[in-house]
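Presented sequentially are two complexes of chain A, the first with chain B as partner and the second with chain C.
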Partner chain A sequence: MTPFDTYPAGVFPAGLQDRTPMSSPLEILDARKSFRTPEGGTMTALDGISLKLASAEFVTLLGPSGCGKTTLLRTISGFETLDAGEVLIDGTAVTQMPAHRRPVNTVFQRYALFGHMSVARNVGYALEIAGRDKREIRARVGEMLELVGLAGMEKRAIQQLSGGQQQRVALARALAAKPKLLLLDEPLSALDKNLRQKMQQELKALQRELGIGFIFVTHDQEEALTMSDRIAVLAHGQIQQIGAPTELYQTPANLFTADFLGESNLLPVKVAAGRAGLCDGQSFATARPAGEATLLLRPEALSVTPPEDHALSFTGTIRETYYTGTDHQIALETPAHGTIHALLRSGSALPGLGAEMTLHAPAQGLHLIDEVAA
Partner chain B sequence: MSLARRKLLQLIGLLGAPTVFLLVFFFGPLLIMLVYSLLTPGLYGGVDWIFSHLNYGRILGWADTRYEKFDPVYIAIFLRSLKLAALTVVASLAVCYPAAFWISRMRPGMRDFAIFLVTLPFFVSLIVRLFAWVLILRPTGFLNQGLMGLGLTGAPIEFLYTDFAVILGMTYVFIPFMFLPLYGSIEKLDLAQIEASSDLGATRFQTFRKVILPATLPGIVGGSVITFIPALGNFIVPSVLGGAKVLMIGNLIEQQFLSARNWPFGSALAMLVMSAVLILLIAQFRLAKKEAQS
Partner chain C sequence: MILRRLLSLYGLLFFVFVYAPILLVVIYSFNANTLNMMIWDGFTLDWYRQLFGMETSLTQSATFVDSTDQLWGAVRTSLIVALSTSVFSTVCGTALALAVARYRFRLARFYRTLMTLPMIMPDIVLGIALLIFFITIGMNLSMLTIIIGQSTFLISYVFVTVSARLAEVDTSVEEASADLGATPAQTFRKVTLPGIAPGILGGWLLAFIISMDDLVITYFIAGTGNTTLPIHIWGLLRRGIKPEINAIATLMLLFTLVIAAAGLYFRSRRQK
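== the complex of A and B ==
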């Protein structure tokens, strides 16, 4: 209980308004960690990462393999110690606390269920360790199994379960001790696509229902966009950008984020006197200061018929088309910009391969990044 | 020829020879021992074909004739053998469990080399290796010289011809027997499970007791059984390192056959060891079955 808890939101004494009334479920301050490689060099896994959960959020750590996302998760769970920096859980510094004393639980990538125990003992393990009453454990296990849709499966052996069911047991086991924060280390990567989508929705719903923070690690950008309240894009041990999925997708701060999240057309532009000019002479209005920049144009922003706020046009030959059911994916070979990728709603009439075609972009779909591709 | 018939013939062709071999050379001698244990010893060795249950009576307590008397010393020797074999199992476990853990975490090249080292003693004759231990343990041996050189003891300590020497020797001999099944189960241990246990609040000790130990129990039981059985009947180690002071049931059986030339009594003692081993194996089998069901 902090002194601020006694004040309703927004009416803190003067000078304290900038301080949050409740402690954040997770706060990471300037985390640094490097490993020695077998060849004798050092590899920087975390290069000054700071992250703060505003409330019980669903935050995804997204990045390619080797970007440090798993290391970051492991410093939260306590399996890795930081070289420098702090980890606070619920306002308490846990940087030096061993894993078994931290109030967080993890859903592991390959579940790591105890093969010699029944489903019930797996789920009740944390409570058994804590020395809770048998009846209480049984009740909580039943409750947890119901929560993950495995009611009545207490006595089953782990080996009798399907991959999806094991996933749910791992989830129930991690939630049984009411952690303040749930960590998920690519838990869906072993599931087939349909089951994965179902679990994504269930996880999101579960997080909302439980009202605790979820930290979800994945390299799957679609998964990240679907589930997260906020996504932290990681590369080279640093957070490239953190924000809501729409923000990251529509207005990425740098080329890495733009390229990593979704398909993108990246075109170099020169900004001068309030207008950004492409290499073929087309230009559009921008508020950016003068200099070089990169234009991000998402494939789905392009259309066959000119939009009302029409800004740019690209004419070229159709090189490739793929039909996905809902859309046509098109690769348009243009003389000035190389290949432009477009995603058109199916239903619109398409000229065949090799035909000439003009695509239009609205002013609203243009986003400038203050970075130039090397 | 029908397919089933052909399969049957194939099976007989493959398994026939070993089956006959085992029947003749394994069960045959056992049967002879069983029959001999119920006969009367001949005056100059061999057997007289007269039924007698007194061979068992001498061990178990009902023999009371002029020549065949009950003597509790046999049971005492048997119990001591059980004790020494059990202590050998405990000592082997204490050595092999951490070693297997350590070796299983090595990088692959080192690991194979370490496993090779564990089995290396098999390449040298058992008798030679045991006499090496005599040289180490005797009063003027390496160990006592070392201890006296360091000033830890004034006079040589009696290591040789003690229970300690026998347990040490048997542990040394049976370490590969214990190590390999243990290693098999420890190597399969999922490291993520250890992390999961810790993540769920268990201390190292709790993790060991609740996750590591149960997961490696099959290896512990398997290694213990195949160490205990040969240790119980062993007579080479106690005769080299135990001398006349530490007599085990194996030595007693050897004496009955070779020195005392009382084959029926030797057979009866051997049957006693056999039944003890059989009871142990049945118990283990039951346990494993129960484990598999739960």
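== the complex of A and C ==
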């Protein structure tokens, strides 16, 4: 079966609702992979990763460099083989299948376009390889270039294109073969900030329009939060947490996720008899079982005026302030908790540097993590 | 300022030192003086006419007694040898460069070093070694032994040229090709080969030129009936420098320049 047999000829399906429910576009079962380091040791890149796409989702693999996210992507595309575990694409085990036979396509980090070919031949490469006739290829290439906003650029040489345009050609080339799953390996990292934000929105829109699964690799947490249906946070070859962006941001399951996604204040607490107590004696109600835990307090949850469900207060001296246009970033030096970071909407009057200030947190903005910082 | 002028002067002298002898050979090849080529006696094309067997105003004593058949026989031998050696070396050298660059196997770095060794090996040592080798295995010296012998070190030149080019070709382009459904053979034909083609062409031309002009190694392993052009010229020189040699040298120079220019042209065209 070739990747081209998936959809009716001509166009992409209009969306998910048109597709009969079938097996998951991607399923990874207990993937394990380790590499030998040049020094003679071994490095575990994937330490038992399982992942299943429910449908045509936009899933981001997020993590610091060396967390295994790129290795995981390469085991899906077929450029790395697993030591143990299974990869299933559309219900078919592809674990032992070489890259060129897998029905997935990749947008590479530095695009990896064929410099000796025109834009049209780049985009039509997969169809040319599959032996499609010229007229069909030409039609498909035109359609793809229109999709990525490069209509009429068929004859251009790759070297004549800007970085953003090359990015779009790489995207068109990967989509031309109608893959069941599109893999994107940090494709936006080489673009400048404005273009990157524009491409983020376009990619998300494109994924919805095409109704196929996207696996997006990035180390940029903002990018992950903006685009994903679900984010898998990776560290040390394991999935730390997987879930919707809001879920991961507001209720992270562990310290790594809390710290990696956004800014955070992490304060140690002791839970006893339904109340969590801070080291300065303040406490708030919680349903957690007794024991030690960590309180996550996002900087934007803090405010100058006490909220209705006011739970905690922090008083200290202002050590640093940064003005970002929409917000003031404040570092508040408190005697009991060290530095507390806060993000206040600009417009509220701020005392100057070195002045004393009290910030308040609502009960709703408090999240406990069952883990204690080392 | 003075230092700069001195430096310019030094640069000028350097180029005079390098190119003046070659320029002299070219000038002498047009000198009509039959007795002393150092004295300009008027312009003539007689030495060239002589080489191509045309009528000349030269007396028999001014030229070599033998007919130019031997010379053209040597040119023919050299061309056959250079063509076979360069093609053979290009295929083997390219295959080796690909293997060392693209596959992870034991001792890959050792092989890389091993491949550059014949280039720094003294010619005379290689010549003697090859001669002893051919005698030991009982192979009669012939054109085949020249081709085999020259290939042993010309493969190295191709290997180095192609390796340099391969290092510039991003492996992710090959992965992209595989990702889009191309088999390893298709990827090689459509992506890898176009990428390293300038290197292959350059290596081939280099091997061709070096083969055409190799004297030392070839001298040891050439049989009596297989005189290449450099060996023939060497033979002529032993009977004194005659003006025709200037004409032969000038033609060889022209030939080499044309091939080198062709190589550079293809290279620049590919890199656009």
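Note that in this section the second predicted complex is superposed on the first by the 353 of 374 C-alpha atoms of A that agree within 3 Å, B and C clash if a C-alpha of one lies under 4 Å from a C-alpha of the other, contacts with A are read in each partner's own complex, and residues count from 1 in each chain.
Just so it is clear, a contact is a pair of C-beta atoms (placed from the backbone, for glycine too) under 8 Å apart; a residue touches a chain by one contact, two chains touch by 3 or more.
The structure displayed is predicted, hence computed values, not measured ones.
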Could you check whether chain B and chain C clash or fit when both are placed on chain A?
clash
Which partner chains sit in contact with A:Arg173 here, chain B, chain C, both or neither? Use first/second/both/neither.
both
Output check: A:Arg135 vs chain B and chain C. Expected answer is one of first, second, both, neither. What do you get?
neither
Applying the document's definition of touch, where does A:Tyr125 land relative to chain B and chain C: first, second, both, or neither?
both
Per the contact definition in the header, classify A:Arg110: touching chain B only (first), chain C only (second), both, or neither.
both
For A:Arg36, using the defined touch cut-off, is the partner it touches chain B, chain C, both, or neither? Pick first, second, both or neither.
neither
If you lay the two complexes on top of each other, which residues of chain A touch chain B in one and chain C in the other?
77-79, 98-101, 104-106, 108-110, 112-116, 125-126, 129-130, 173-174, 177
Which residues of chain C touch chain A in the complex?
170, 172-173, 175-184, 186-187, 190-191, 194-195, 270
Could you please specify the touching residues of chain A with respect to chain B in the complex?
77-79, 98-101, 104-106, 108-110, 112-117, 125-126, 128-130, 173-174, 177
Once bound in the complex, which stretches of chain A touch chain C?
2-3, 77-79, 98-101, 104-106, 108-110, 112-116, 125-126, 129-130, 173-174, 177
What residues on chain B touch chain A, complex-wise?
190, 192-193, 195-203, 206, 210-211, 214-215, 217
